[in-house]
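Naming follows writing order (A, B, C and D), and every chain is counted from residue 1.
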Amino acid sequence: MGNFKGHALPGSFFLLFGLWWSVKYPLKYVCRKNKSACYLGSRAGFQRLEFVEGIIKAVFALIGMVAEQFVPDGPHLKLYNYEEKHWDHLMNWQHATMYLFYGISGLVDIVAHGTNALPVAMDRMMLSLAVFIEGFLFCYHLHGRAMLDIHVHQLLLYAIFGGAICIFLEVFFRGSIVLEMLRTSLCILQGSWFWQIGFVLYPPNGSPEWNQMDHTNMMFLTMCYCWHYAFAFLILAVNYTIVSCSVKD
Amino acid sequence: MGNFKGHALPGSFFLLFGLWWSVKYPLKYVCRKNKSACYLGSRAGFQRLEFVEGIIKAVFALIGMVAEQFVPDGPHLKLYNYEEKHWDHLMNWQHATMYLFYGISGLVDIVAHGTNALPVAMDRMMLSLAVFIEGFLFCYHLHGRAMLDIHVHQLLLYAIFGGAICIFLEVFFRGSIVLEMLRTSLCILQGSWFWQIGFVLYPPNGSPEWNQMDHTNMMFLTMCYCWHYAFAFLILAVNYTIVSCSVKD
Amino acid sequence: MGNFKGHALPGSFFLLFGLWWSVKYPLKYVCRKNKSACYLGSRAGFQRLEFVEGIIKAVFALIGMVAEQFVPDGPHLKLYNYEEKHWDHLMNWQHATMYLFYGISGLVDIVAHGTNALPVAMDRMMLSLAVFIEGFLFCYHLHGRAMLDIHVHQLLLYAIFGGAICIFLEVFFRGSIVLEMLRTSLCILQGSWFWQIGFVLYPPNGSPEWNQMDHTNMMFLTMCYCWHYAFAFLILAVNYTIVSCSVKD
Amino acid sequence: MGNFKGHALPGSFFLLFGLWWSVKYPLKYVCRKNKSACYLGSRAGFQRLEFVEGIIKAVFALIGMVAEQFVPDGPHLKLYNYEEKHWDHLMNWQHATMYLFYGISGLVDIVAHGTNALPVAMDRMMLSLAVFIEGFLFCYHLHGRAMLDIHVHQLLLYAIFGGAICIFLEVFFRGSIVLEMLRTSLCILQGSWFWQIGFVLYPPNGSPEWNQMDHTNMMFLTMCYCWHYAFAFLILAVNYTIVSCSVKD
């Protein structure tokens, strides 16, 4: 992951999910409010959507895990290098572990919404745990890096843990549009910030490096983070408007 | 903002809103309790008040943003100084970012209370986020200052984050008079503490400077902060008494 | 307060309130469960109790404030020593500030339970704030002390902030016997720990001083703190048993 | 406890309870959902189970306390060594204190589910406190150890405090299957991680020691902790499937 693509890829996934949620939840809310006008979706339809979402999540997680293991400079399922007596490609293993929990979350989605064996609230709890584990592994990921590098990842952690707490609250306040919008905004923020980290730490097409020890860079990035968040709300607002207008007509 | 006026101005805004809320919420509570006696306000009337509040908030935020950009020594929308290769007027940009989120919160108020397109609880969530972002930017604002300077701003952060948490709780316990009073008290505290910071760091009309490294100054200010809070409750109590007496008659 | 009596006195107050609550709340719970058997207390009776409690709290707080000001080596309402240019008796002022908030809490109790002008839940919020302010001032109280001194006060802070959170939860879950018992236990713990601090830091009747830098002392006191808590639950259990037996007969 | 067995023993207890809960709670949930199909358990039956669980917990805790006191190199109820002027076997006393609170929790279970004198929610509060006290004592347990040693115990603390918070939430959301599953998973995690700590710090049958200062070891163990958690969910899933299938038939 220590390159531009390694940050753009997960960023794109989070952006994709965030954008999708920014359409789905307003749609769900509008449909619940005026049932007659809404021929698009029913309660069963949304359940099926969650089911499909679970499959996509599980497939993405599986692809991620396999990719982390079998890229040319990956561990190929080898955990310990017995000849040189050190752990092998720990970074890749950590990323695979992150994907593993998203995979479990996907599986729980599938079972909870495909059958009626599992209580539905389990999907939120597993997603919350998956996001939490992602943040947890990130926390122990940053040892011995430069100041700016640590700072941009710390900012990412706010979005991650904020998201985890928000999803955990959804276990108790299920279907609260406010929490769903908050989660969506944090997911878009996480996605776009992954891209920003890529641009800052591994500037593509020959831009000059950022000065890692300059305090004003840190201050700018903190502010930039807020702009990303404002931008996430702009997207939410636009999608919300489009959805509510198109349903009413 | 690095002068007395720069602290007195935001302080006045917060005091203004705090004082207004200390009238509005008791009025709302008293009106809800004895509906017959209260010819002043109805449910629709209070909704219209929130709508007007949103407009005022948005206008103030806009003025704030424009002022921060176009004051004589402001950035004039220039973010990066390419000649000298450093960020330009980051402080002003940070303050403008704070105002931006209050502006978004105002806009959400307008839409949520002016139309019925948006769930009402969104206004509290956006206000909570705006306050949180204010605190968040303050946190990374204090690097490399003197002890007393950091301390008085840290005390401010308690009021800010306390307010953010309190408003977030209102998403779930909407209309709880206790939370509304708590929020009002924290808002007044924040306003009066901004004034206090101005007096401590930039003593007007030639008072001597405070010793920044004296530990007893720090202890006094901590206590002084509590007195400000007690004073906020005094204002709340007086306004509450006036409101409930005038409604009953 | 820098002596044995200065810790024993507040400790006794907290113990007194804790013991009283350990009788009151079980009684209230038992009376609510079997209304017929209970001729001791009605809903109005308990309201009157809360009213009386508020008066006692306010009176104690007033006495405390006056005592802190007018003890022989107190500040006598003088805050700043202009001749020697330093703050005067800041410790006494801080304690008076703590009492002030307990006094406000008492006043709110009186108004909320004596009249019906104030929402009842305000009493819990003010009590929570009073306890929080106590902890808050303690936090900035410990600068530059010895290791063991800081440690025993930190342990006290757990009881204080635990209590503040517990009481704040009661705003939303009013009348929950579990939270009331938890609060009572934390109040008794705080009281008995104040006594313990007195014995550790100012050993009465000529006992030898505790070694402030010995790590095993710190470990013992941490454990001792847990024993105090177990002891608080023992008291709760005994009082609960006595109350429920005496009501049934 | 400073050996392999000292970690394997508590680990086994937590695993035992975790495994038992991973059968009990799904069973309870399935029985509540389709009451007709379920001849195994009724409401009263589950109450009796909780009662028995309390007895087992109390007995285990008693055995633990006695064992910690009267093992050959234990304190034999002697707290202070007056000849050599130092505390005696503080570690054993601390472990006994931990067991004490689990014992109290067991007693509360017995009274709350055996009689109707105590509100049922008290059992969760006491269990939450027992787990919290365990974590609290662990926190002050780690002074002056090597980096890896501290790290593995810190990881344990996440499971402990996570469990304490989860059980505390159950006071308010009693019978929520999601919280019960979360608690079960954290309990299994704690149990299996105790075993892992034993293997890492006291490798049995002559394996080489782990390098305590190697940062990659720390990273591996963080990841390994997540695998343990995934494994806990695997066990939960298997038991849940078995239970729901066997009840339906």
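We adopt the following convention: a residue touches a chain if its C-beta (ideal position, glycine included) is under 8 Å from a C-beta of that chain, and two chains touch if they have at least 3 such contacts.
Heads up on the chains, UniProt names are A, B, C, D = Transmembrane protein 45A.
Not measured: the values here are computed from a predicted model.
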{"item": "Chains touching both chain A and chain C", "value": "B, D"}
{"item": "Chain located farthest away, centre of chain A as origin (C-alpha)", "value": "C"}
{"item": "Homomeric contact chain B-chain C: same or different residue positions, threshold half", "value": "different"}
{"item": "Centre-of-Cα separation between chain D and chain B, whole angstrom", "value": "45"}
{"item": "Whole-Å separation of chain centres (CA-atom averages), chain A against chain D", "value": "32"}
{"item": "Multi-partner residues of chain B (at least 2 other chains)", "value": "none"}
{"item": "Those chain pairs that satisfy the touch definition", "value": "A-B, A-D, B-C, C-D"}
{"item": "Touch list for chain A against partner chain D, complex", "value": "86-87, 90, 93-94, 97, 100-101, 104, 117-119, 121-122, 124-125, 133, 136-137, 140-141, 143-144, 171-172"}
{"item": "Parts of chain D lying in touch with chain A, wherever the complex brings them together", "value": "29, 158, 173, 176-178, 181-182, 215-220, 222-223, 226-227, 229-230, 233, 240, 244"}
